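This report concerns only the one structure given below.
By letter and in written order, the chains are A, B, C, D and E; residue numbering begins at 1 in each of them.
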Amino acid sequence: MNAALRLFRHDISLQLRNGSDLVAPIAFFVLATLMIPLGVGPEPNLLTRLAPGMIWVTALLATLLALDRMFLRDFEDGTLDLLALAPLPLELAVIAKVAAHWVTTGLPVMIVAPLLGVMMRLDAHGFLALEISLALGTPALSVIGAFGAAVTLGARRGGALLAVLVLPLYIPILIFATSAVSAAGEGLSPQPHLLLLAAFFVAGIALVPFAAAAALRNALE
Amino acid sequence: MTSGAAHRFAGVGLACRRSERLVFAGLDFAVEAGEALLLTGPNGSGKSSLLRLLAGLIKPYMGRLEYDGTPLRDDPARQRDVVVYLGHQDAIKPMLTVAETVRFWAGMRNQAERADAALAAMDLTALGDLAGRFLSSGQRRRTALARVIASGAPIWLLDEPTVGLDAQSIVRLEAVLASHRADGGIVIAATHAPIALPGAATLNLTAYDARFSDEADAA
Amino acid sequence: MTTARVPLLHRYANPAAFGRLAGRIMPWSAGATVILLALGIYFALFDSPPDYQQGDSVRIMYVHVPAAILSELVYGAMALAAAAGIIWKHALADLFVKAAAPLGAIFTLICLVAGSLWGKPMWGAWWVWDARLTSELVLFFLYLGYIALVDAFDDPQRGLRAGSILVLVGVVDLPVIKFSVDWWNTLHQPASLITLSGPKIYASMMVPLTLMILGFIAFFVTVVILRLESELLARRIRAWRTAAADE
Amino acid sequence: MNAALRLFRHDISLQLRNGSDLVAPIAFFVLATLMIPLGVGPEPNLLTRLAPGMIWVTALLATLLALDRMFLRDFEDGTLDLLALAPLPLELAVIAKVAAHWVTTGLPVMIVAPLLGVMMRLDAHGFLALEISLALGTPALSVIGAFGAAVTLGARRGGALLAVLVLPLYIPILIFATSAVSAAGEGLSPQPHLLLLAAFFVAGIALVPFAAAAALRNALE
Amino acid sequence: MTSGAAHRFAGVGLACRRSERLVFAGLDFAVEAGEALLLTGPNGSGKSSLLRLLAGLIKPYMGRLEYDGTPLRDDPARQRDVVVYLGHQDAIKPMLTVAETVRFWAGMRNQAERADAALAAMDLTALGDLAGRFLSSGQRRRTALARVIASGAPIWLLDEPTVGLDAQSIVRLEAVLASHRADGGIVIAATHAPIALPGAATLNLTAYDARFSDEADAA
């Protein structure tokens, strides 16, 4: 456990040597979301309808952007060998890495999401649902993505696998999350969607690390 | 677990497969506390493969590993505790300093306090604050060796430890290996360059060269 | 073993000369800043007419416009310096770019904030996706990008060079800002200050505006000199550290 | 020139072999576009209005995905050293890599775009303009992205930082392209916008490679 | 350009800077056609830095490089043509086979026809279809060396060429170097391991150690 915490801190410090390193991820979400009004025009009520989906798409993009770095660099420079041989179980190592990945992608999204919401004229009732859905959804994205990243390491046709295994898992998350936010926006209860999301979250955190660790061991053979 | 005193590390009828290729088969070895084993053989004979297998990165295709007579397959955690591995790659992160790197890996094994001594042993104290990106090849290798020294594990598996080291560093390394063995540690190293391992047994991989035969494949 | 000693900024502009020059400029620019801004603010607040249609909110202009113009001037200066740094390997030029960037970012931010404060009464919205507003926002992100890029490198040299290259590429945004009002039909005011046909606004507004602009410039010069000097100091300390570490 | 072609073929075959770089952008592009009806509901005329903007925004975000891989791997395994020393000017090498990147991101996007256009009820007149704008715009995205990838080599936070540097430079492309498509959709002539886009395209291809090459040399020093 | 015949490669008053560290200064050297230069010095003394500088990857901080008396700064294309570089890294792509790798790099210099001979020279013909991912460290290094051999460039810059090579491959390499020099080629190599370069001059980097001085900064 202790070792897992060390790994977590280590991974974070690799990404954020000093505070200014957080400027980049946060600025990224703002910019990425800025593209939408630029593309479709600034009509408020239109943006309001788009807001949930687009904020979520940006979150997904952010996750994907940092993903392949999660294991690929470690795989190529030999660090993964050492992690597999470290006293902590590889499953824990995966969780630590996922946590670090989330802190440097999912968390910044959550922090700026309200701001983006304002820029995108998100309905006032939507904000709470948005934050909850992000809190539940982005970790799920990270952990599922970790599995994808691990699988693509070993397999020669990794890309195809990625599409077949990982994307189908992303779609429901995006759907539940956005419908939760839109529902809240229209004054309906987001709860059912959020519960489904929560289920995904729990299942993901509980099961995926084992699959990911197995994939990593296979890649190291 | 962290004490230097290793007892007996042995392999019985080991065979190793890399993808479709059988690298070696029917390999037996045994190393007692304080002993050293030198792996030799031409390029591609399977030295690195054997070391990865001993480390637990590759599962034996046939045969088994034993530590004090108990098979390690049943107890991978044990294997991770007693074994430390130095591969061809140094696992140096460009943005981490030498000291940070060694401390991190020592910390992963709860040996943080050993880090400084290990740095000194490889004459890295002065370079402690240099970022990995700025290291010369020998400095990188020495950092990786410091990681091994700091691990406190009894069994050291070293894949060409002297690569890139200058003469002085090689002497230092040999001293470290000697003292590790004096403490009852075990050293298993693969190398092409001559390295002083007094009284080390040598294992030439060419003797265990093997191929899949079609029948065996079908059987 | 003998260890050769080589000056750090050899064949580069020599810092001592810069120090002397800076010493001479400093007092004047500092003084000018105080006086110009004091006068400018006085005129802006008390001795200039409210606009016949905008009322007193027009006074925002005396912050907004200078900030806007400085945001562009500073970037232009940075671009020139970056070019000098890349072509003539002029160390001070690279450092100037780094020293100026945060100031440019601040001016841009002031322009944006003052602008949107002004926009609320004028256009009934804090923000509209208008070409000029967008291009100014892009400028802001260029500044931020430069700052983030430069200190994302462990090797200061490399960071400065990378940053300078970025600044040069970003120059395309300047003409867009300047002429966006002419290219696209925008909500935003067309140029009325700096036009071929000369200024198009009342002298009573012109005076405080000019004072403020000059005041902002003096302020920029002062702070940039300060930042440059501290940069040089920091560099000397680093050099001294590495040398010490190598002994 | 000959050498540049070799490099181009070489890069393409590398990307095709491990797939993942290939699949991710397309998958994201499709996924992101699918999210939109979800958010705004299926109303045809609304979708029609959104189509050009959303297709372009998602195409733009999709190109970000494969960007940082453009030079990073080569940088870390020493290939970039050899490219910098190869007889062909580094600028040409950059162009070759940009072309390879475009073939594996921009081109597929061009191919699926009409499909999405249909799904999004894009106005019939819009398709031609859409394809032309993509044909002119996506190469510009790739080349600017190449610059971003080059200038962030050896920097921390590569992924997000890269996006932050590149997105502002993407904005003009986005604006010209979308206004072209919507103009066509409304029966107006997209020509003026397309011409601006073409100008951007030419300028980009002509000038940016020099900046990118300079950045690469700086990273190798 | 592709002919093996090099004439005179020299450096005058070279100084090299890596970030804010001055690695060496005041370094002069000259190598004639058929000669060899061996770079020695402890880890971090600047051998790799010098080789990168000679290759043109690092601009000299002071001094200049000359080829046949003409400064190379004015003519980088010339430098790229006459020089081939082998670094610490092998630039092997996991997806590409040995043969594909060597052919590609040879092709980049319009020397595709040399590839097969180069593979044979490093005894890689049998491994030609093995993907980079599957190569042992020595096999990787040999592939990188084959790339150099196939380049047809007159000046070879080799950074620790023998790393990971087995005894037999080292002998092969030495033979290749000898014949390259016999054809009027130039070899400049940095190494810690002993390598037979008959009649090679040695350049010890420790002699050119240099530091940035602090006070001069103010001057």
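Please note the rule applied: a residue touches a chain if its C-beta (ideal position, glycine included) is under 8 Å from a C-beta of that chain, and two chains touch if they have at least 3 such contacts.
In this text the structure is predicted, and so the values were computed from the model without any measurement.
The minimal number of chain-to-chain contact steps leading from chain A to chain E is 2.
Common neighbours of chain D and chain E, by the contact definition above: B, C.
Comparing the CA-atom centres of all chains against that of chain B, the greatest distance is found for C. Of all chain pairs, the one linked by the most C-beta contacts is A-D.
Rounded to whole angstrom, the centroid-to-centroid distance between chain B and chain D, based on C-alpha atoms, equals 45 Å. Spacing of chain B relative to chain C, judged by their CA centroids, is 56 angstrom.
The distance from the centre of chain C to the centre of chain E, with each centre set as the mean of the Cα atoms, comes to 46 Å.
Here the spacing of chain A and chain B, counted between their Cα centres, is 37 Å. Chain A has residues 14, 17, 21, 23-24, 27, 31, 34, 38, 41, 77 in contact with two or more other chains. Each of the following residues of chain E touches two or more other chains: 19, 21, 88.
Within chain C, residues 134, 141, 144-145, 148, 152, 154-155, 157-158, 246 each touch two or more of the remaining chains. Across the assembly, chains come into contact as A-B, A-C, A-D, B-C, B-D, B-E, C-D, C-E, D-E.
Residues 17-24, 27-28, 31-32, 34-36, 38-41, 46, 49-50, 52-54, 56-58, 60-61, 64-65, 68-69, 76-77, 156-161, 163-164, 167-168, 170-171, 174-175, 178 of chain D touch chain A in their complex. Those residues of chain C lying in contact with chain B across their complex are 154-155, 245-246.
Taken together, the chain E residues at the contact with chain D in this complex read 52, 55-59, 77, 80-81, 83-85, 87-93, 95-96, 104-105, 107-110, 147.
By the touch criterion stated above, chain D contacts chain B in their complex at residues 154, 156. Every residue of chain B that touches chain E in the complex is listed here, in rising order: 18-19, 21, 41-44, 48, 88, 127, 134, 136-139, 142, 159-160, 163-169, 192-193.
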